[in-house]
Amino acid sequence: MSDTLMVIKQLDVSFQTREGLVQAVDGATLELKHGRIFGLIGETGSGKSVLGLSLVRLLPAHASVSGSLLYKGKDLLQLSPKEMRQIRGREIALIPQNPASSLNPVMTLGSQLREAIRAYAGRTGSKRLNAQAAGLLHAMNMPDAEQQLRRYPFQLSGGMKQRVLAAMGLAGSPSLLIADEPTKGLDALIRVQVTEMLANMARRTGAALLLITHDLDVARVLCDEVGVMYAGQIIEQGPAKELFAQPMHPYTRGLIASMPSRGMIPIAGTAPSLTDRPAGCKFYDRCGSAMPRCEAEQPDLYKSAHTEITNKETEPIDGTAKGQQAAAKHKARCFLYA
Amino acid sequence: MLEIIELHKRYRSNWLTGRGHQAVEPATFHIAEGESLGLVGESGSGKSTLARLLLKLISADGGRILYKGTDISGYSLKQMRPLRRELQIMFQHPHSALNPRRTLLDSLLEPVLLHRIMNKAAAREKALALLDVVGIRAELLPRYPHQISGGQIQRIVIARALMLEPKFLVLDEPTSMLDVSVQAQVTQLLQRIRKEFGLTYLFISHDLELVRHMCDRIGVMKEGRIVELDESERIMERPQHPYTKQLVNAFQAFKQ
Amino acid sequence: MKMSYRAAAGLLAFVLLASLLAPLLAPYDPNQINMAQRLAPLSSVHWLGTDTLGRDVLSRILYGGRVSIVLALAVTLATMLVGLLLGTISGYAGGWIDEAIQIVVSIFQGLPGLALMLAIAGTLGPGVKSLFVALLFTSWADFSRVVRGEVMKIREESYVEGTRALGAGHVYIIGRHMLPNLLGPLIVLFTIRIGRVILSIASLSFLGLGLQPPAADWGVMVNDARPYFRSYPHLMIAPGLCIAAVSLCINWLGDGLRDKLDTRTEKEHSLL
Amino acid sequence: MAYFIRRLAAAVPVLIGITFIAFALSVASPGDPAVELLSMNGFSQPTEEQIAVKREEMGLNDPLLAQYGHWLSKALQGDLGTSYMTKESVSGELLRRLPATLSLSLLAVLFAVLLGVPSGMLMAIRRNRLFDHIGRALALILVSIPGFWLAIMLIALWSEKLQLLPTSGYGTWKHLLMPAVVLASGTGAILMRLTRAALLEELNKDYMLTARAKGLRESFIVLRHALRNACIPLLTVIGSYFGAIVGGSVIVEVIFAVPGIGRFAMDGIFRRDYPVIQGYVVFTGLIYVLFNLATDLCYGLAHPQIRLGGKLR
Amino acid sequence: MKRTQTAKNKKRIGVLFSLCLLLALMGCSAANGSNESSGNNGLSQQSAAPSAAADAASEEIVLAAPRDLAPGPQDAYYTSTILYVWEPLITASEDGKPAPKLAEAWEMSADGKEWTFMLRKGVTFHDGAPFNADAVLANFARYKQVSPKSSPFYTLDINNSYPSLKEAVKVDDSTIKLIFDNPQPTLLYSMINFSSPMYSPNNFDENGDFNGLPQGTGPFKLVQHEKDQFSLLEAYDGYYGEKAKAQKIRVRVIPDPDTRLAALKSGEILGVMDLGAIPPALAEELLKDDRFAVSTAKSTISHYLHPNGAKAPFNDVKMRQALSLMIDREQLVKELYLGYPTATANILNSTSPFYKDIPAVHHSEKAIALAHEVLGDSRQAVTLIVPTYGLDRYPYKAQAELLQAVLQELQLDVTIQILDGAAYKEAQAQGNFDLAMATQGLPNGDPYTILNNYMASEGSSNKSYTLGYTNARVDELLNQVKATLNMDDRAAIYNELQDIAAEELPTIPLFNDASLIAYNKEITGYGALVYGTTLPQLERVQ
């Protein structure tokens, strides 16, 4: 427990929209550990971004959130807005999605960086602020950091903007970093550079990193542990190496198989609409090995024997299970392993 | 099928001073009938511009385009009209690919009605047939674009292109905005119809893996110039140009 | 917001109906002079009393509505058409055509509004015709600037380039693709502009160059009642309130429509 | 800078266009300045010959283009000619009256901005709460009230009944208070709605999420980030409204007896005093063009993308 | 926390309606409020007014006029005569006859070609220069240099006021002689007021315009003038006659009649003056508050209905007579002009000494019969044009609408057209109108000019208003009167001309206007005159 930074238990997030109640996150449970990278994989509409935002409680006003977010022993959901503001940036930092529009177009990069540093470090001379800001950019191996400070967002490429946002995230030396789709829409070369940046950033600062992405390659290379989300639920979770080598859940298998580098075999059908989700297993209507039981019942997260898929060992998971191995078990929400 | 000789385009940013930058350097290559030629490069490398030059959507500053042997560089809008049936294009952003104010059915029938090659009833018939080909349920037809997913929109666009029985299809990063699984579905569909209808593709993307999967030959572009053009395998195994090497390594990095 | 803009539309329909059915509803002939009954107070005989020439105020208000609203509708429609035409051309064509049209637009916006109206009213002589031209001249410029903005936004969409790739002509593209998407903002602009036109008609009547007597539009009535408003306030309040009420409904309707048409809030989609 | 020069160059044809249309309109309108001049006192009636002589003397018989050319060449040297009626130099008259109209219009713009912008901001931040409803209702009402009706009501209330404000005239700020309020009511309401819409749009933008993620206070973020981006579209609106205000001030100047260029122009129009009309149109045209250039300048300053090249529009 | 959409809307509509009502109430209360207080003259009102006036400079009295009574240095006279800054040689008495002012006495030579004037002695201009023969000659020289010079009040034209003047000669320091080529029996009439203004000789620049503020001989000095804002008058203690009672008078320019009324009621100004100072309707309103009083006097202005005699139906004299009989002038004057003006059928204004009283006749049956005689059974569409400058001064719109209704019975369908000044004059000149509502002021005492303009075949008004009136007898009489020296013979001819006009109606006179002014009872001695007001006698009640 000592190296567990944050425990998220039964997190539910839903929105009241014109078309009805949208259950964006349904009972998510996961643990984030110091210095380790947790990958949250899922396609559009799986609820991964909503989960990320709920950790820093930056969801829009009409969202209703329940469950518990134990961060260093304190449940973030109970904190007052003022206390929450202390946490943001200093303890948990968010690197937002689509870098192109996440920087204020009319302010120089320097002023936006200095704003972040001043928020945490209190009153400091402008020269020191500039030096720190330049230092952050250097850490992100940005060329000629000093000139960059005076430039405007529209003068930077997508990759460069991503680096500035990462630097901004690190300004408060947080212990948990949340990176939302850092490689989305980037060209091949820059995608590699950003991935390397994320890797040595986690190593250098020792901070935990929650990587939210739909890019399986990046997840496989970067993450220690991975969780796969589908229609608001975490349907598989486990060490990255093992999960990619032997994916348990049919959806994960299908997802990996559909990657261009793995033969591009598509999964039949389309993802369920968010307003009327099927009762039982959400992947039921697209699942190759669906069983009658899957249609009605909601499967729980089941462990599997390391090698054999068939033998059953039911042990419902709760945070306080005694004597668990150091590495999180490889589990999947599917009756194949019930 | 398509012969390109010294085609180039220059963008003047300020019509007073004439300063501008060379968007597409003079390019010479050909695309054989039934072939699928890939075009890879970073954003801003001019690959989309080159594609639009081929279809004469934007006017080139020089060079010639031979389509099935005839030089169509000088063709006027009128002369190009009959050819438009055979040359089609598909865009990257699903959300702005179809007119939000028209139903999917209207959008589907528009090409045929525009070219007046079929009456409405026959057109509906053909549309329904093509829907099965691209795997879209007929009851979606009366819906509007914003009521269906990105993947489904791209399939409708493909069906729409097929309505005119095209010969040559330019695919400008058709799946880059889609999720991996949906991308797989659409690319598989594209491969199937290429064989079924004997189409010729120009496939543009910044994802080398995807292009390798889809295309026979790959052209690599950097800052408006085609730096290397060769068989897909040879590009992947033994890249010659340093930039191509860089690209291939970038994708190898995720392999081990 | 949906419910309330329907209320605005209802109220507007009521006012329109009242003025269109004026001949039936009006108790008296609006131009019937009756010197003996001058400036009679509110009574059962004359619900809103009589004016300086003994004419029934209620009938004049009913008839007055018709002139103002019909004229406002006609002017705004014409403004929309001219603005739409020039805005679309300059937005779609771009290049020097756009620059030229924009210069003409700034010229018309540069001309001082009221002075221009006075000059035109002077040139064409008083009456509905010159009012129509004067109002048209001073308002088409704003319309075309907004339309141009919208057209340039739509021109960037892929489906426009797609249709061009199909070999469609410019007119076809504008007709089938541009105009339907312009509908939303246009309707909103239309309703807001009507409100402003009604006020301009009233102001012109105030300067004496509005509608010719005995036509009794509300602006004229407010102006005529000015000398008496201290002892007979209703003479001025009634038409003034009508002007305010009608333009209030119209602006409110415009407001409601704008919210309804523009609220495909992207916010929900981006998060999921 | 190139962007700015191009904007300046575009302003010249605009000015010429404005003055030509005004000239064509006034010459085309019925009524003859010579007759006006000779029969100004309403007593004596000029004979045919007197009128003919005067027309020749005033050069009214030469073709329209020649008259305009003549006027333009003199105008370019800064001489706007003399008024037919008062014989005094038009530019002198207009310059003497300009401060009245300018101070009135500036005060009106100030009121419009003070009324519109802060309330618009509050309405955006506290969306769909009580203040938002009241604000929108007030905006709807203010936009719907006819200007002159409001003027009469204000005079009746504040001057006659409460005797706090002078009914008319020009001198202290007290004189300008009511006319400015009347002028500002319509524009202020529209500004309020525009500010609300512009700010709402910015509040939903992604960079606001980044700012919030930095743990800064909401009010601080709105002011520093959202407002700065929102004020760009507002600037262009305020620019174009200043032109409308100067144009619209004619009625207010008549009612409140403010000796501005609006009233001077109206008399000029009624008496077909072409040089006066031309002079007025040139002045309002200049004010409109200068104000547009000023807003473009601020647009450039506020929007680095324009200043450093690359067209945003 | 979640509120449904419709609940929010209900609240919004509620708020909206309450605000509308609030606004409407505020509007009414403002009007009623001022109405009650003026009605019962509440005590509060009384105390408020003097305090407002007290804080202004105590001895300065503020008046207001619809237009700037001092057009400035470019004007022929710089200021109107009614500001009492300059004085003429000859002025007009209340009954219109020439009266001595700066010229004490005069003689005409037997052949009528030489006029000698004895000047008033001991008179100095405001700049201290003495008023003597040399000053008069300097002024005459200026007349010659600048004539014809236009002005909003009267066109200064030496050939018009002093036809065929050969020269002006100084006899001695206080006597001058005017020598003419042909006899000028009625010279005095044409010299009244605006035709013989006297300014200090060194008040002019090289081309005859004023080189600064006007230096006249009147009881008031113009000390400050802001164009289109105000003129500040100060009592001239060097005045030869009875000195002005008020020390300082500020005459402000307030064009809008309603604003002037509000200024009066708020105590900001204590009186109004000049043409259209207070329209009848506002006067009636003002009189409801007994802090105010009005003063009226005969006016040199008459109101007419000019028919277009060049085309049907008004080329037929019977139709014009029908028109005159049909209009109930008494009702018009009483209802719309509140009884101040006097109805008349005489083309000549009542302030002229040669005025012959011709009562107005109203006989609708005869009028309808006459109209039927002319038009048979058909109805005739006619256009009535109305000038916009009339709208502010007179209830012209109501009058036009009244005429429209009245003329219905004469088988005439009237369409009304309100034209601005210049367009109105052009419509008259080109004759595309049927009836035109107009006013005409009496230029000077001698009726010859007005009768000649309107009735002579070649008369300037007859032509430019397209009255289309010709009558050999009238032309003959007009030539005859020009040469008659004897006043009684002239009067006889004028009477015959007036009778013919009343009979043949070249233009249909409606009524003689009355100059009407209003003032706060805190000042006294302020009354209306035929032309202008009694400014010198104006003073604050002690």
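Order of writing sets the chain letters: A, B, C, D and E. Residues in each chain are counted from 1.
Heads up, the rule we're going with is that contacts are C-beta pairs under 8 Å (C-beta built on N, C-alpha and C of every residue); 3 or more make two chains touch, one makes a residue touch a chain.
In this text the structure is predicted, and so the values were computed from the model without any measurement.
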item	value
Chain located farthest away, centre of chain B as origin (C-alpha)	E
Most remote chain, CA-based centroid, reference being chain A	E
Centre distance in Å when chain C and chain D are each reduced to the mean of their C-alpha atoms	21
Cα-centroid distance, chain B relative to chain C, in whole angstrom	48
CA centroid of chain A to CA centroid of chain C, Å	54
Gap in Å, rounded to a whole number, between the CA centres of chain E and chain C	41
Residues of chain D whose C-beta touches two or more other chains	29-31, 136, 140-141, 145, 152, 156, 254, 269-270, 310
Multi-partner residues of chain C (at least 2 other chains)	122, 125, 226, 229-230, 236, 240, 244-245, 248, 252, 267
Contacts with 2+ other chains: residues of chain E	12, 16, 20, 23, 27, 31, 34, 258, 388, 419-420, 422-423
Of all residues in chain D, those that touch chain A in their complex	205-207, 209-217, 224-225, 228-229, 232, 302-305, 308, 310
Chain E contact footprint on chain D (complex, rising order)	29-33, 35-48, 50, 85-88, 93, 96-97, 128, 130, 133-134, 136-138, 140-141, 145, 152-153, 155-157, 159-161, 163, 166-170, 254-257, 259, 263-264, 269-272
Chain A - residues contacting chain D, complex	56, 58, 85-90, 93-94, 96-98, 101-107, 115-116, 119-120, 152, 154-155, 165, 168-169, 171-172
Residues of chain C defined as touching chain E within the complex	1-4, 7, 31, 33, 35, 38, 52-53, 121-122, 125-127, 208-209, 212-214, 224, 226-231, 233, 236-237, 240-241, 244-245, 248, 252
Interface residues, chain E side, partner chain C - complex	5-6, 9-10, 12-13, 16, 20, 23-24, 27-28, 31-32, 34-35, 38-39, 257-258, 261, 279, 281-282, 285, 288, 331, 335-336, 388, 391, 395, 397-398, 400-402, 404-405, 415-420, 422-423
